[in-house]
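So the structure is just underneath, and the comments pick up after that.
By written order: A, B, C and D. Residues from 1 in each chain.
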Amino acid sequence: METLDASCLKIIKKRARNSHKGHYGRVLLIGGNEQYGGAIIMSAESCVKAGAGLVTVATHVHNHSALHARLPEAMVIDWTCQTLLKTLLKQSDVLIIGPGLGLNSFSLSLLAFVLKNQQKHQWLVIDGSALTLFAQEKLTLPFPTQTVLTPHQMEWQRVSQIEIAQQTVANNQAKQAALQAIVVLKSHQTTIYAGEIGTYLNPLGNPAMATGGTGDTLCGIIGSFLAQFSKEVTSVLAAVYLHSLIGDALAKENYVVLPTEISAALPLWMKKFEMG
Amino acid sequence: METLDASCLKIIKKRARNSHKGHYGRVLLIGGNEQYGGAIIMSAESCVKAGAGLVTVATHVHNHSALHARLPEAMVIDWTCQTLLKTLLKQSDVLIIGPGLGLNSFSLSLLAFVLKNQQKHQWLVIDGSALTLFAQEKLTLPFPTQTVLTPHQMEWQRVSQIEIAQQTVANNQAKQAALQAIVVLKSHQTTIYAGEIGTYLNPLGNPAMATGGTGDTLCGIIGSFLAQFSKEVTSVLAAVYLHSLIGDALAKENYVVLPTEISAALPLWMKKFEMG
Amino acid sequence: METLDASCLKIIKKRARNSHKGHYGRVLLIGGNEQYGGAIIMSAESCVKAGAGLVTVATHVHNHSALHARLPEAMVIDWTCQTLLKTLLKQSDVLIIGPGLGLNSFSLSLLAFVLKNQQKHQWLVIDGSALTLFAQEKLTLPFPTQTVLTPHQMEWQRVSQIEIAQQTVANNQAKQAALQAIVVLKSHQTTIYAGEIGTYLNPLGNPAMATGGTGDTLCGIIGSFLAQFSKEVTSVLAAVYLHSLIGDALAKENYVVLPTEISAALPLWMKKFEMG
Amino acid sequence: METLDASCLKIIKKRARNSHKGHYGRVLLIGGNEQYGGAIIMSAESCVKAGAGLVTVATHVHNHSALHARLPEAMVIDWTCQTLLKTLLKQSDVLIIGPGLGLNSFSLSLLAFVLKNQQKHQWLVIDGSALTLFAQEKLTLPFPTQTVLTPHQMEWQRVSQIEIAQQTVANNQAKQAALQAIVVLKSHQTTIYAGEIGTYLNPLGNPAMATGGTGDTLCGIIGSFLAQFSKEVTSVLAAVYLHSLIGDALAKENYVVLPTEISAALPLWMKKFEMG
């Protein structure tokens, strides 16, 4: 297992002078039911502020106004509108599903729709309740090597059938090898399982980040980096590391680190690590 | 009567490295009708920013969008949805009812529902209009020693039947002994009555805090501290003291201290007093 | 005519230690139709931030969510709800009507309702479209000496029947004597006509403040000062002067001074001038 | 082709002491359907913060609350309300149509309505989807020399029928001569075509600005400058230059420059360049 260090941030490359927003990717985020709208709003905030070129959120209409009030940079569609959803699924480079998605039959239908419509050139990030649904319904990933799962330990237990106490590196590696998807196993020591490419330990992070929304913010950054930088594990590693690096910096002065404060700090921190 | 000093903040302990949001408690806040939605929003803000791990607000649908626009970190449910309310009542560590609850029959039904469903392991904070309803309807507390009442003087008159002029320490102590609940009697010199544990005077606070919402913010901090730290009077004392300490700091430069500014300052001030 | 100077701010007195929010007045603001909701939101912001104890906004439901998203410290009612409106009219110390009120028959009915229900102990501030309605409909003030009109020059022409070019001090004084209400005639050199008490020139203010919402912000401060300090002309003078003083300070660094920035600065500036 | 420099900002003139909001123009912005509401919100933000006196947004009702929550300084109307739209079209000095307008038949009807009702004294800015509709439907400009088109390269291809690879200065000049409208051709090197007046190269701008909303923000500034300063090409040039100048300043510390951050900085930067 390799321990990550700041060198993983070298993927944050200087943008080419003659580039436009289209070069920084289209991300579609799907989530946010009537109860958990804040989750998808937080994911969208980190996704936009980490630099994705064009961000659209498919969520319950209940959440549209609050999303726009916080983040007019994002576009929004009613997640019950199949036609729009289909169009956006086609146009996107990266799909994120799960933050605040919920666990009912409609949530499941959305996840199934995404898994059915994912295309060869697209990466997919599965987070939050989508992981629970994925496990419960024994769904299949169409492009596992282009899929990132971001479970915390209990969600990983559901997905992997490995009890938390048995979640050893070896057991997790074996399960990841079967799944093939990249697994970001979130805990106070987040570990990234990427099959033959490697297993990585994030040495950063702190308990001030142990608050609702921290994971939603992380998955927005992962999606944003995949959209802008290489569609490879390296983008996932950098997202995990930077998220914790900012969290650690904020925790020096804050007893609790609000997820939205991490998002607000992204443009400044990415600039610090930009590679010439 | 003991006068509080900064030593009461020692309960703000350093978080364990290997902790997660579940360790910092689940709080359910109930309040916010069509007229007083801001009250519950302010309580939720202080509750989240004081570090509670997972915060859900049960409020009128009218208030959902504004809550999310300010605080995506909170979850929200429609307070008329009995099924969701029941589920959340079960899952929570701390219940807060009252800010902006209103005084109509529906408000009363919610309070009665909470008093009926409170469980042995849960603490309950009763604030604002819930105190008036509690007094009017002569309701009974299921777990009085796990209940915190946060009346201002007029609300305490309603609850205790003691006229403001007669609200002496001795009279208040006698009434508190009958009620058994912890009483945070808010005034320009807030006093906390905790039975045999003690009676405490908060020496801090200032008249710049004499504005709508200050109490809503306080009860959110109380609930947040009970959820994270010991479920004991010590958490209540620390919440009262810190709320005023921040208010005093802000009042040095501000003629009026907006309640939401106190909430915004919580992470910084809690860090200053964090115990190694 | 007397030119105002900073001595008029001496009414911003140090708050008494043993005071509570009830001592700083209840203000009811009425305005904000579907088109001009921002106006009443801006008035409410300045009213709260200038220190009024309890602020309620009666406005179109269309505007409730945005108000709460910006300012949870304010309470809100649907302005079509006669019962609530009547109750609040009774409880308030100061009434403000006009910002974004509109000019249709419903707007008129609200203004008529307020004029009919104003009580002896209450002060009334009439601003914006309410001034136009007042002029058009030749309405009568129940308590003219407890009424403040805040017209700009065109609105004053409607109210006074004096063409802008003829709005000399003498003409304005004569008309004010007939009306008896205090008149704050807004222009690049705002003048306050207060009958025998005096006529006052505000020497401050600048053209960076020439933007939509500046007047809405002013009337919120006037109402807030009347609610907290003496119910006298002195509160009106201080409000006008402070509004411009802050505007001048902000204009040193800003080409345009957003009204909401003036409101945000109120607590700091009031503290600077607080009288021991 | 002339390269712009800071001297183009000299049109940002010191405001006359005895001016009022009416002197700084009325702008009507039309855009923002259910999916792209953020676009028109961002345009309105830059328009207000660049100093336009009175700003009204005609947009889908879906977007009203978020607009007010962010920007109470703007007024708003339901874009399906023909009567109000007609009234506002008459009263405005500058019209902006396009940000988030969409491409359906209702979007088209709004564009057609604007083109039909534009008056001799009004300038019109056509942006975003309105450019695509204009091209598709082969619409005619009533006052081409008072019209500004702000296409990016793909939109210019639609309008001009010139493939991106063929968009040479000479080809663009020829097409602009036929159209007569001022063309702001947005790219990493934005060029402004103004017929016989000249062709201008904006030397500023950077790829941190390559994110959704940058163009919406620019067109709001263009409209705001046309409303306040000369109704001439000079206002367009200054808007383009200042937008990039602020973007360049923010990009020194930010990997991505959020469009709303450019808007927030407008009052400060305009003050720096204000001409005595």
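Throughout what follows, a residue touches a chain if its C-beta (ideal position, glycine included) is under 8 Å from a C-beta of that chain, and two chains touch if they have at least 3 such contacts.
Every value quoted in this text rests on a predicted model; they were computed, and no experiment measured them.
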From chain D, the most remote chain by mean C-alpha position: B
Interface residue identity across copies chain A, chain D - same or different by half: different
Intercentroid distance (Cα basis), chain B paired with chain A, Å: 34
Approximate Å spacing (C-alpha centroids) for the pair chain A, chain C: 49
Per-residue overlap in chain C, given as positions that touch at least 2 other chains: 65-67, 69
Residues of chain D that touch chain C when the two form their complex: 12, 15-21, 23-24, 48-56, 64-69, 71-78, 84, 266-268, 270-271, 274
Complex contact set, residues of chain D against chain A: 34-39, 41-42, 45, 62-63, 65-67, 69-70, 152, 187-189, 206-208, 210-214, 253-260
